[in-house]
Structures are given as structure tokens and as C-alpha cells.
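In C-alpha cells below, several structures.
Look at the two complexes coming up: chain A is in both, with chain B in one and chain C in the other.
Now for the complex of A and B:
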């Protein structure tokens, strides 16, 4: 029984500040509550409302764009650069130090930096475009519906592509160079060696990186909130910012709880799907 | 001849490779550097020539951000929140991870499963009831309102990491100490914990970064202006001084420079801490 005494302090804190409010969220998701008085039980009305909540679906669609682009781009860039660092060690430590730098910064700090880069009047991006004669491309990147989501997403990708490089590089340390050399002698081209010899050996690490970017994509909040608050006209709205607005700006705590249950279910599904994929891969 | 051409091709490939690596290094660094430059020159000059170097540097913006922008206070608040949170997570995770890895007791699988569930559930799924819970407990608006939930949210990864570490230690160690007549707590404190130093330092750095950069929790539960940690302070600061880019850049500089210095010193722990979950 001694084990229980070791685990108990953690369990108490965890239950008080995670377990209890999580159970309360499940309960609250079946009610209508404006934060005053007692919540009204409304059965599955909130869940039925999800089906016809266009704003929720368009936010989820934005999450999907975020998940796909926010995974493919940094993973592909990360793989290419990690393999380059791996095959030629010169300066590898310095490069990795620099690539990892944005990873340690807070999303708020990064949001402020890039908000300023995107500034329509004096931002670096527009100033740079004007200087190289592409002034007609200059636009209010965060203020236009067509570009807002992608401008925030690009910022997010900038903030963690270094994470992908460093993790994949760590995975590459376990690749057997003799196998790669043998494939080269057998006449396999560089892309073939990459696809058939290197990638299978780093498959577990690759899956873990993808889990990170996928879950991160569904939970994205900080950067969006700091840069656009989901605007303009909900163009960059994601499920987390929408949930925040419904709950704390609209004072609809019951439906807000339902939306946060959507986030939990999506995150659990994503984790489960990845685990299945991982098991199948090896 | 053929060998020469081969060597030449290799040289080009190497140059191309480093060209690409340097390009991405510049992409990583430039936004940060240019913000520091902006902090060190008059706003007027930044608007006219955003790519220029800040020479000679002026320190007026940084001084203003520190005093008028209260960045000294924000930095202090971040420290006040981070230290107890990190200590709480490390102590509770080490104890629980050890208990789970080294003992068999009823409910063990359930306890571990429940804690691991927290690895996937986002904070949004507790934020609404937690607000009212903290209000009822009289904690809302105090540092505890972000410290205690911060500890709870750090536990899933902490327990996972520590349990995995203690699982790998040889069982004989524990048996030997027990034969010597040490109490369980004594074995943990003087035999196991010293061995766990690498895992503990990884967890300290990971949790510190996480707490230092936390945004939504203080946004909801710490609305008192005097208690804002850096990210929250910076956001409101940006809202107040939108027009003064020199001052905002100075705020960003004060928020980034300390973290980057700490990162450069403890780089290995940082990388190990932030990538521990993925590489395992």
C-alpha cells in the first residue's frame, strides 16, 4: 500500500483542479447557464445546436486547414533540413541552436513581433514588397479576410518548425549509416535512399512530431487571440477562440462547455488515431 | 578528370546545402533581431527605414518600457508564479511517478490512466467551471489561481516522465535499500531521487518554459493589473501603446532577452525538456 501514499498528493491536486472541473464541464454541457443562479438542465439541446451552428463548423474548418498546412509544411521543411544537418555535421550545433530559438518564445511575444511585421503601413513585409517593386501585393495581412488565417498560421509554423528539425534530427541519430551506404552502393538514388531507407527507420519519431502538430493545430488559441482575435468577420476563427467568445463574451456558459467538449473529443480522437497508425506502422 | 568533376559536384552540393540552412537560420533569427533593433532607435527612424541598423543605439525606449510599461513588475510576477508551480510539479510528479513505477496497489492502473488522460484534454475543457470554483474558494485574482491549476496541468507530463524514468532503474537497488532497513520515504529521498537528476532537470526546464509562456490561464484568472505575468502584460501593453512601435519593441526585447540568455546557458536541458515527449 506504500505506493498509494506516494501517488496520493498528486492525485488530490490533480482531482481538485483538473478532474473536478472536467466532470463539471461534462455536466454543464447539458445545461443553459448565464453564470448567475443555477444552471437550467436542457438535455441534449446544446449538442443538437452544434449541428446547426455554422460559426462552429467554419471555425472547425479553419482548424482543419491549420492541422493540414501546420503539419505538412513544417514536417517537410524539418525533414529536409534535419537530413542535411545529419549528412553534413559542420556547424550542426550552431544551426540547431538558431532553429530552436523561436520554440522557446511565448506565443504572445511571437504574435506581437509578427503583428508588427504584418502591419499594413510600416510593417516589414509591406515595406520590403514596396522596395523590391511588388508594392501592389502589399495588403493588410491580418485585416483582410482572405489572408488573416494564413498570416497567423505562417507565424505559428515559423514558431515551431525548429522543433520539428531538432526532434527529427534526434531521431536520425538512430539511423544506421551502413544501411544508407549499402543502398547507395546498390545504386539507390538520394530520394530513394531517403524514402526507403531513412524514413522507415525514423517512423516512430515522425509519428510523434505529427501528433504534436495535429493536437497543436486543434488547440491553437494564443497566437490567434493576440493577432486577430478570430477576425476579421470570423475569418481566422478557430474552435478555441470561438469557445472563449461564446463563454466569456456571450456569457453562454452551458453552450461554451459543450464547445469545449467538442475540443476534448477531437483531441482524444486525434490521439487515438495516431496511436492506431503508429501501431500499424511498427 | 572524372574524379575532379565529381569533387566539383560535391562542392556545389555542399554549398547549396549550407545556402539553404543559412536561409532558414536567417528566417528564424531576423524577426527577433529586427525587433531588438527597433527598440534601440527612435520610432521615426524605424518607420522611415525599418531595415536599417540602430546606430548609435538609444536606450530611452527600453527604460520607458521598464518603468512606464511596468515590465519590471511583470518580470517579477512571472518569477513569483513560475517558482512555486515548478516546485509543485516536480515534487508531486517525482513522488507519484515513483509510486506508480515501483509499487503495486489497488487502483494503480486507474490512477495512472486518469493522470495520462490529462495529456490530451485541453485546458479549455475545464476553464469554465474552474473559474467559478476558484471564485468560490476565494482564490480568483490571486497568484494561487494560476499556480494551483498550473501544477495540476503539469502533472500528466511530469508523472509520465518520472514514471518512465523510475521504471528503467534496476529493481535490485530498491531491494538492497529495503534489506538495509531504510523506510520507504528514506529510500525515495536518499537513494532514488539523487539518481533521477537527469529526469528532474528535464522536467524543471520543460515546466518552467510552459509556465513562463502560459497565457490563457492568467488571462482568465488573474485580471488584477498588478499581478500580470509577462505574456499578459505584453498583450495589454501592446493594446495601450499601439502607435509607439519603439516602445512595443522594447517590451518585446525585455520579454525575450532573459529567456534567450537562459536558453543559451542551459541549451541541452531545454532541447531535452521540450523534445522529451516526442523522442521517447
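Now for the complex of A and C:
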């Protein structure tokens, strides 16, 4: 009972700033509230609208690309680099610091800087391509439908993979080097030692990083908003930016609440599926 | 005398009296919460408010600056929740202030127009009048024009275009000379609104255009298709724009023009301040209309001031508006902020840069068209934004975009 009193302030704050808004969002998702006056109850009309909302499906498809590439690439690269740093400790601290630097930068700052790199008029990327004779590849990276999403995603991956390295590196400290050594003496190759000895020992950390990254992928907003605002012509639109546009630009707060519920449910399902798969693989 | 014989007691009494006076004065002083979007001219607005407070010592203005986008996102919620400002600057169109007026969130100001706002230009008053009541004060007279580099024009023997054919020829000449004819950055999407407005006002009869904006005529019309085709498809195909317009930011396009790398740029009067220090002679002209059509440069209001319907500082709000729109304070707008206020500057005795003087004169002469996006609702503007990017990216034809605009209205 005394313990409950100790956690009560935290629970109250949590309920006020998370529980209550979450419940209010669920309630709003069944209304047509436009931000003015009192919302009218519309039943499941907003949820029925989802089925025919092409822009939502297109944004969701972009989110799936984001989640798949934005999880696989930083986690795989992060894992490989973390194991390399763990295997040979020389310069490890310096490398970890360098790799982690982008993580401490604000996404807005990163978005602006990479926006300059991609700029078709003076950007480093196009200038570099022209300098090495690949001028025909120079393009408006953030302004072309074919490249915009991937250009933003690359930026997001660059800014995030350092986090994976640091967390996985921390997980690797729990790996028993004697087991690795024993496997080596038994004739296991480096990939075999990695797959069958190292990875199982860091499975909980790996699962946490993957789940965290998957959920983050469905919530992606800031980088997209700063760099393209979902454009051109919705080519880099993701659920979060679409929700913002619907709710705050289109004044459709009710439908915006429905979209945010979709975002939450999909992220939770994906996180649950990831955990189940990891458990089975383990 | 005995009572005041003690100097210490007299001193204390003086202090008490002074405190009482200060307290009474403090009680009389009211705080007026003002939100505006003068992010670029913020010092000028601070000076305006300092002058107001000096003239009205009983009113303390608490100013918050919100970017236009942020203002659009939060104002409804703020007004609804009772945490909104007393006075705020906002878009004037029916899709913006009109929505707030319909919801009863802003206060009619008709009485002020009979008094301190009597000198406000009638056409600006119309833009903030909804269902017969005037809800705000339009401000920041703006227009869309073609700014041009006079030096580059002279070097290439180009005269200021008087016809649409001459304008197109100027593009070709500049392109052949290796100069980007028109700097255009549409990464944000909204700069295309201005280009479209410039072409549509010239290519769609004004009555028809206004009927479309009111929802009484269809946007899916050959004239609209022609305007979209000429503004985006043709200019893109003819090399009149810089490369990758959808990837170039608005500021970068302006920098391209100011850096002398482009001959022209199509944008609004708000850039006068930014272009006045260009390292070359800068001028502007209105986009000429094709043969048989009248040149109707888009003109409008950059914003307007509105009063929260539930403000408790109504009197202070009225005093503030009367100060802002008093022609005696024109210099604070024009010289301090390069903003053309919504009253005649004739005889106001303000000093203006040549470009601004040219603009002020242009706004008081001849018929003007409309800035379409400030009159249309946000949902329509979203279709314009995405659709024009698609047209520029070659993913949608002009006719398809005209149909999409009409579909947005129907929705």
C-alpha cells in the first residue's frame, strides 16, 4: 500500500499527460470535430473512410518501406560495426563517439544540413557527382518522386545507426569471450561464431533495438517534415505527416485522431510481431 | 505639525503614498495579448508596439510571434480553449478568417469602421467582410509581379515585356544567353500558388475566376487548363525555369535571382525589402496577359488583424487597432517594416525605396486581380500544392489538375 502512494504522483502525471489524451483521441476518432464547436458523434464513419482513403494507403506504404529499410540497414550495419569494435578495442571509444555524434544532433538540424547536401543548385552531392564525371546522375533528390523518400530515409538512417552501435556494443559486453574462443577452437568460422555464438547472447538487446526502431519507423515525422513536408506530390508522405496535414491544415481533427489510432495500432502490431518472430528465432 | 515632525515617519508616509499610487496605476494598466506573424520584420513590429505603449501608457502589449503555418495550426484551438490572444494577425480569406467568423470566434468591428478605421481602403474591408459584417482589418497590401534584373535585360537587349509574346521571347533570349530565365523554387509547394495566380488572373476572365472561388463555376475549364499549362508545363518544357524546381527552396530561388544568376522571378510584394539591396538594378513588371485578355495582376492582403470574440480587453484592442491603422503612423509600417498598410499613403510623408514607391503607386492604379490561395479553403490549397508539384514533375497533365481542383471544390 505504501508503494502505491509512492508511485501515485507518477501515475497521476502519466494519466494526465498520456492516458487522458489517449482516451480523448479514441473518443475524437468517432467524431467529425473540425476544431470548432462541439464534436458530433459519427460512429465508425472515420474508420470506414480509411478503406477508401488512397492518400492514407500511400502514406502507409511509404511507412512500410521506411520501417523495413529503416530498421534492417541501421541494425545490420550497427551490429556489424559494434562487433568489429568489440573484437578489437583499439580506438573503440573514439569510433563509438564519432558514430554516435549524429544521434545527439537535433533531427531538424540534420534535416537542414542534409537538405543542403541534396540541394540541386549548390549541394555537395550533385557537385561531387559532377566533379567525378557522373553529372548525369545529379538530380533534385528531394524534389523527384522517385528519390525523395529514399533521400530522406538515408538521412534518417545516417542519424540513427550510431544509436544501434552504442546499444548493441553495450549488449556485447555480456557476451562470454570463452564461448567465442571455444567455438573458434572447434573450427567455427567467423560468420558461424557471429550467428551461433554472439547473436544468441545479445538476443534480448537486439530485440529491444529492433522493436524500438520499428515503432520509431511508424512514428517518423520530424525528418520528413523538415526535408520535404511529405512532397513532392505526397511522394514522401508518411502516416504521421499525413495525420498532421489532415488534422491541423485541413481542420479535420476527428479524422486526424482516427489516423493517429491507425498509426498506434499498426506500430503496436508490428512491435508485437517482431517480438514473437525474434522469440521463435531464438 | 507634530504629526509630521518626525522625518522618519514622514518618509515612511511618502513611501506608503507612493506605493499606493503605484499600486493604483498598476491596477489600471491592462495587458493586451497580441499574436502576429511578422517573423521577418519582427524588430519593426517591436518598434510599432513600443510606440503604441508610449502613446498609451495604461496598455501593456504582450506580443507573441508565430510563423504563419504555426498560427494556422494553433489559432482555432487557442480561441476555442480560451487561451487565445486578444488581438491576432491571420489570413483574411473565407477559408481562414471566414471560418472563425462563422464559428463566432472573432468579433465584428463595424463600429470601428465608422470611426478610427474610416480611412481603411474599401476593397480591403470587403476582404474581411463575411455575411454582411466586417470582422477584421486587412493589412499588408501585396501583389504578385515579375521582378527582373535590369542589368541582365539591358545586356541582352530585352525591353520590359508589354505582351505575353514578348515575355515568352524574353525567356528564350535569356535561356539562349546561358542565363536561367526565371528563378523558381517550389520545394514548399506554395510558391506555385503565386505563379498560378499570376497566370490564372490573366487567362481566366475575372468574373469567372471569382465565381470559381465562390464555388459557383467549375475549375475544370479550358481557361484554367491553359493557365496551368502555360504557368508550369510550358515554362518547364521551354527551359524557362531553373532545374529541379520541386527540389529548390523558395529562399534558394530568391538567392539565385539576387545572385544575378537568373533574369526574373515571380513572387510577391513582400520581397521588395529583400531585393532592394540586390547588387544590380532591380525592377518589376506585371505579367502581361495574352492577346485579347486584360492584365490583372494578383493583389491582396498579406494578412489582417482580428479581435478574439471572448476578449476581456475589447477597449484596449480597439485602441490598438486604431493606432495600427492611423495614417499618422504610416512610417512605422513603411519605413520600419516595408509593409504597405491598407490606407492611402498619399500625403503621409513617408520615405520609400524606389521599388516600394513603384509598388505603392502600382497598387493604387488600374484594376487588380486576386491572390487565389488566400481566398480558397485549405483543402483546395492542398490540392493545388500537391497537384502543381505533380504537374511540374510531369506526373499530371494540366487538364487533370484542373479536374482535380474542381473535385476538391465538390468534396
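Keep in mind that, in the parts below, the second predicted complex is superposed on the first by the 270 of 282 C-alpha atoms of A that agree within 3 Å, B and C clash if a C-alpha of one lies under 4 Å from a C-alpha of the other, contacts with A are read in each partner's own complex, and residues count from 1 in each chain.
Rule of thumb we're sticking to: a contact is a pair of C-beta atoms (placed from the backbone, for glycine too) under 8 Å apart; a residue touches a chain by one contact, two chains touch by 3 or more.
Nothing here was measured: the structure is a model prediction, and the numbers come from that model.
Residue contacts after overlaying the shared chain place A:232 against chain C, while chain B stays out of touching range.
Chain A is touched at more residues by one of its partners, and among chain B and chain C that partner is B. In the superposition on chain A, A:120 contacts chain C only, with no contact to chain B.
When both complexes are overlaid on chain A, the residue A:205 reaches chain B alone and has no touch with chain C.
Using the contact criterion defined above for the overlaid structures, shared-chain residue A:28 touches chain B, although it does not reach chain C. Contacts of A:248 after superposition on the shared chain: both chain B and chain C are touched. Of the two partner chains, neither chain B nor chain C is touched by A:86. By the touch criterion defined above, A:142 reaches chain C but does not reach chain B. Note: residues 35, 115, 122, 248 of chain A belong to the chain B contact set and to the chain C contact set alike, using the contact criterion stated above.
Listing the residues of chain A that touch chain B in their complex gives 1-7, 9-11, 13-14, 16-22, 24-25, 28, 35, 77, 80-81, 84-85, 88, 90-91, 95-109, 112-117, 122-124, 127-128, 158, 161-163, 166-167, 170-171, 205, 208-209, 212, 215, 218-219, 221-222, 225-226, 240, 243-244, 247-248, 253, 256-257, 260-261, 263-264, 267-268, 270-271. Considering their complex, residues 14, 17-18, 20-21, 24-25, 27-29, 31-32, 34-35, 38, 46-47, 50-51, 88, 92-93, 95-96, 98-100, 102-108, 111, 114-115, 118-122, 124-130, 132-133, 148-149, 151-153, 155, 159, 184, 188, 209, 212-213, 215-216, 220, 230-232, 234-235, 238, 245, 248-249, 251-252, 255-256, 259-260, 263-264, 267, 270-271, 274-275, 277-280 of chain B touch chain A. Residues of chain A that touch chain C in their complex: 35-37, 115, 118-122, 139-145, 228-229, 231-234, 245, 248-251.
Every residue of chain C that touches chain A in the complex is listed here, in rising order: 72-73, 76-77, 80, 99-100, 103, 105, 186-189, 242-249, 252, 256, 378-379, 382, 385-387, 389-390, 392-393, 395-396.
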